[in-house]
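As written, the chains take the letters A, B, C, D, E and F, and residue 1 is the first residue of each chain.
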Amino acid sequence: MSMVDITSKAETFREATAKGRIRLRAETVKRIIEGKVEKGDPISAAKIAGILAAKNTSNIIPLCHPIPLTNIRVDVRISDSNTVEVESTVKTRAQTGVEMEALVATAVALLTIWDMTKQYEKDSEGQYPYTIVSDIHVVRKVKKSL
Amino acid sequence: MSMVDITSKAETFREATAKGRIRLRAETVKRIIEGKVEKGDPISAAKIAGILAAKNTSNIIPLCHPIPLTNIRVDVRISDSNTVEVESTVKTRAQTGVEMEALVATAVALLTIWDMTKQYEKDSEGQYPYTIVSDIHVVRKVKKSL
Amino acid sequence: MSMVDITSKAETFREATAKGRIRLRAETVKRIIEGKVEKGDPISAAKIAGILAAKNTSNIIPLCHPIPLTNIRVDVRISDSNTVEVESTVKTRAQTGVEMEALVATAVALLTIWDMTKQYEKDSEGQYPYTIVSDIHVVRKVKKSL
Amino acid sequence: MSMVDITSKAETFREATAKGRIRLRAETVKRIIEGKVEKGDPISAAKIAGILAAKNTSNIIPLCHPIPLTNIRVDVRISDSNTVEVESTVKTRAQTGVEMEALVATAVALLTIWDMTKQYEKDSEGQYPYTIVSDIHVVRKVKKSL
Amino acid sequence: MSMVDITSKAETFREATAKGRIRLRAETVKRIIEGKVEKGDPISAAKIAGILAAKNTSNIIPLCHPIPLTNIRVDVRISDSNTVEVESTVKTRAQTGVEMEALVATAVALLTIWDMTKQYEKDSEGQYPYTIVSDIHVVRKVKKSL
Amino acid sequence: MSMVDITSKAETFREATAKGRIRLRAETVKRIIEGKVEKGDPISAAKIAGILAAKNTSNIIPLCHPIPLTNIRVDVRISDSNTVEVESTVKTRAQTGVEMEALVATAVALLTIWDMTKQYEKDSEGQYPYTIVSDIHVVRKVKKSL
């Protein structure tokens, strides 16, 4: 078990974008749009949770390097009547890439949407027959000399 | 934005199981099986990262209640030549359910597998055309009087 | 340096409310009301930051006991053209009070409002001649047998 | 909700000083001076809590950038028979300012003094009619080319 | 990799005491006694760091259960001209023991003493030929029905 | 209480190696070798816990500077029938040394081995008459201009 040694790598500009989605009941998505989610706005909560998680990546993913981040942007959009999409972009000037940060931000933002809306997703027995987080992937990595 | 008030709910036995999977190149899955992943064993790393994340859920998901957990189990298995599955079960005696803990453990374990194997998943331009985390869902919640 | 020993105290219902305020330029308060703060809504950000901080109190204040919280509520309101007020209420069933949790939530929510609006509060030399956080106090503590 | 993008800003020397105060009963301030606070020395505890909090700012304030700090200094002084003052100075070489770090250190140091002395501040009903944290402000920011 | 399942264990009173020591140069111990350590009092710093670490044990040691602690006490004493001893006692009412919490508090308190005095322990080449932390052990565990 | 001010120090290459050991019953060491520890492999767990702890050093040791680390390596080896040794090496390009990071990684890895094997180390009364963590020291520090 060992981290990749990046000691002698040059500092370059790094950017990574990751995306994913959550399937919710149409009624839940309608509530989000109409601002009727009792616990509060899932979109704001998801963005903040995603940004905080990106900054915390090196504590969450064991072999990630702790690196200063210069920008984190988490976008949340309703893509159809049953789907909310999250897209996170992370930037830095560092010796290693930031795709794990973008993935962690995306996954945590999606799970935060779940948590904010869970009372509408549970069936009468407290189960979640419909809710699924899926398609978490890296859209694009960029690496440029400074 | 406000937490659900669980002050007057009775303490009961709670259990939740969540599941998800990651698609990897066949070559990467083969390396996991053969113990040839350079950064170390992705399965051990994923289990530990998942367990630590479950315990940290109330710091990661903004409106989750901080609750003591009595058991966390993260199982990782190779389900076919391109897929690794994670199943996490969390137990507690508390005033609220633990599905978010099981989901966070599962998502973090899956992303840890990504991180451990990422050098084999990137193409020649440093992109990830193949890798996807998906199908994160709650398998089952249990609630029983003490 | 030692924590108070609460081992033999009985578990009771505990509630604490703390309050505080931040003075901002009238132009900044107007922007908050009109939803024109570039970094995003300071009120949502403040509520979430306050709730997360309350849960994190025993890591922030050295001799605080780690206790499970059953409710945290952070209210933010614009009380006049130069002032935003934060009021936080924390509840639990525990062996010790939760006033420090309510105070930490309040202070962190107020500083988050500062951070969200700081570009409008700085003068041309980057100084803050106007912004002040003040009057952080405990409004009320409640303790009742279960 | 999005962080300010500092990717292309130059690294410069940054320093920020923040100040605040807590009003305590004269008897409590006397105990601090005489070293008779049962839980331990509030001044040492406040300094350490403030320094740790400054380092933790990007986890506490949602949109703050994680930046390495090169110095943190938290001074605590008794300014009159009812008042303890905290002044925190934070330095770094970074792409963004450190006033939030200085403010967080100051607020947390003041609340730590509250926590250390709370048994002397409560009245017979467990309320705090006297204790107030106030006047938290930025004294000075400095920015110089390296 | 899996936590011990304590779901069905009864809550009992738990206490654990751990001890350890650090060997320092006589000159360093003399400085501690005379209050001449430039970075500040190592004893206060060690106590606070130990208490905070005990509360953080379930994040530091992967398979530890998160449990509320009702008391933590870290004692630091100079046992001879070259030795500082740390003894930590942790109490709780829980379903599992707290020896790991006492051990973590002790180890972190000892390393904090190292950090506070390191400028006096280094030789002219920046090495530590003398400093050693040793003999970290559990003195006693207690378990009693409530 | 104040951090050392490293603002004007030059960034150089830094490396530190720390070592320590834990004494275990011969039966426990045999179980580790044979892969028969019920909670899971103590060696993987220790490595991951040590790496995570190194990254978390500035939150654990009050006056440590937060610095980005470019490599962390934790080696665990069975040195005789009663002893497991841990050696941790940390590298960075920073303005200050990383010996505290290497020491924290080593101490936490050793305590993780204790935690993973504690059921075999306890006697019939739940005490630990045999287990000791000792000899935690810095093997070597290196500092080179970039």
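What we mean here is this: a residue touches a chain if its C-beta (ideal position, glycine included) is under 8 Å from a C-beta of that chain, and two chains touch if they have at least 3 such contacts.
Source: prediction; values computed, not measured.
Minimum number of contact steps separating subunit A from subunit D: 1.
Averaging Cα atoms per chain gives one point for each, and the point farthest from that of subunit E is the centre of A. Where the sister copies subunit A and subunit F meet, the same residue numbers recur on both sides for under half of the interface positions. Greatest Cα centroid separation from subunit C: this falls to F. Separating the centre of subunit D from that of subunit E, both taken as means of CA atoms, is a distance of 26 Å. Each chain gets one centre point, the mean of its Cα atoms, and the points for subunit D and subunit F are 32 Å apart. Subunit C and subunit D have Cα centroids lying 15 Å from one another.
Shown for subunit F are the residues that touch two or more other chains, namely 1-4, 40-41, 44-45, 47-49, 52, 56, 62-63, 68.
Under the stated contact rule, the graph of chain-to-chain touches falls outside the line, ring, star and complete shapes. Interchain contacts (touch definition given at top) occur between A-B, A-C, A-D, A-F, B-C, B-E, B-F, C-D, C-E, D-E, D-F, E-F. Taken in their complex, subunit C has these residues touching subunit E: 1-7, 58-59, 62-63, 65-68, 94-95.
Those residues of subunit E that touch subunit D in the shared complex are 40-41, 44-45, 47-49, 52. Within the complex formed with subunit C, the residues of subunit D that make contact are 1-4, 20, 39-41, 44-45, 48-49, 52-53, 56, 60-64, 97, 99-100, 103-104, 107-108, 111-112, 114-116, 118-119, 126-128, 131-138, 140-141, 143. Of all residues in subunit A, only 13, 44, 47-48, 51-52, 55-56, 68-74, 91-93 touch subunit D in the complex they form.
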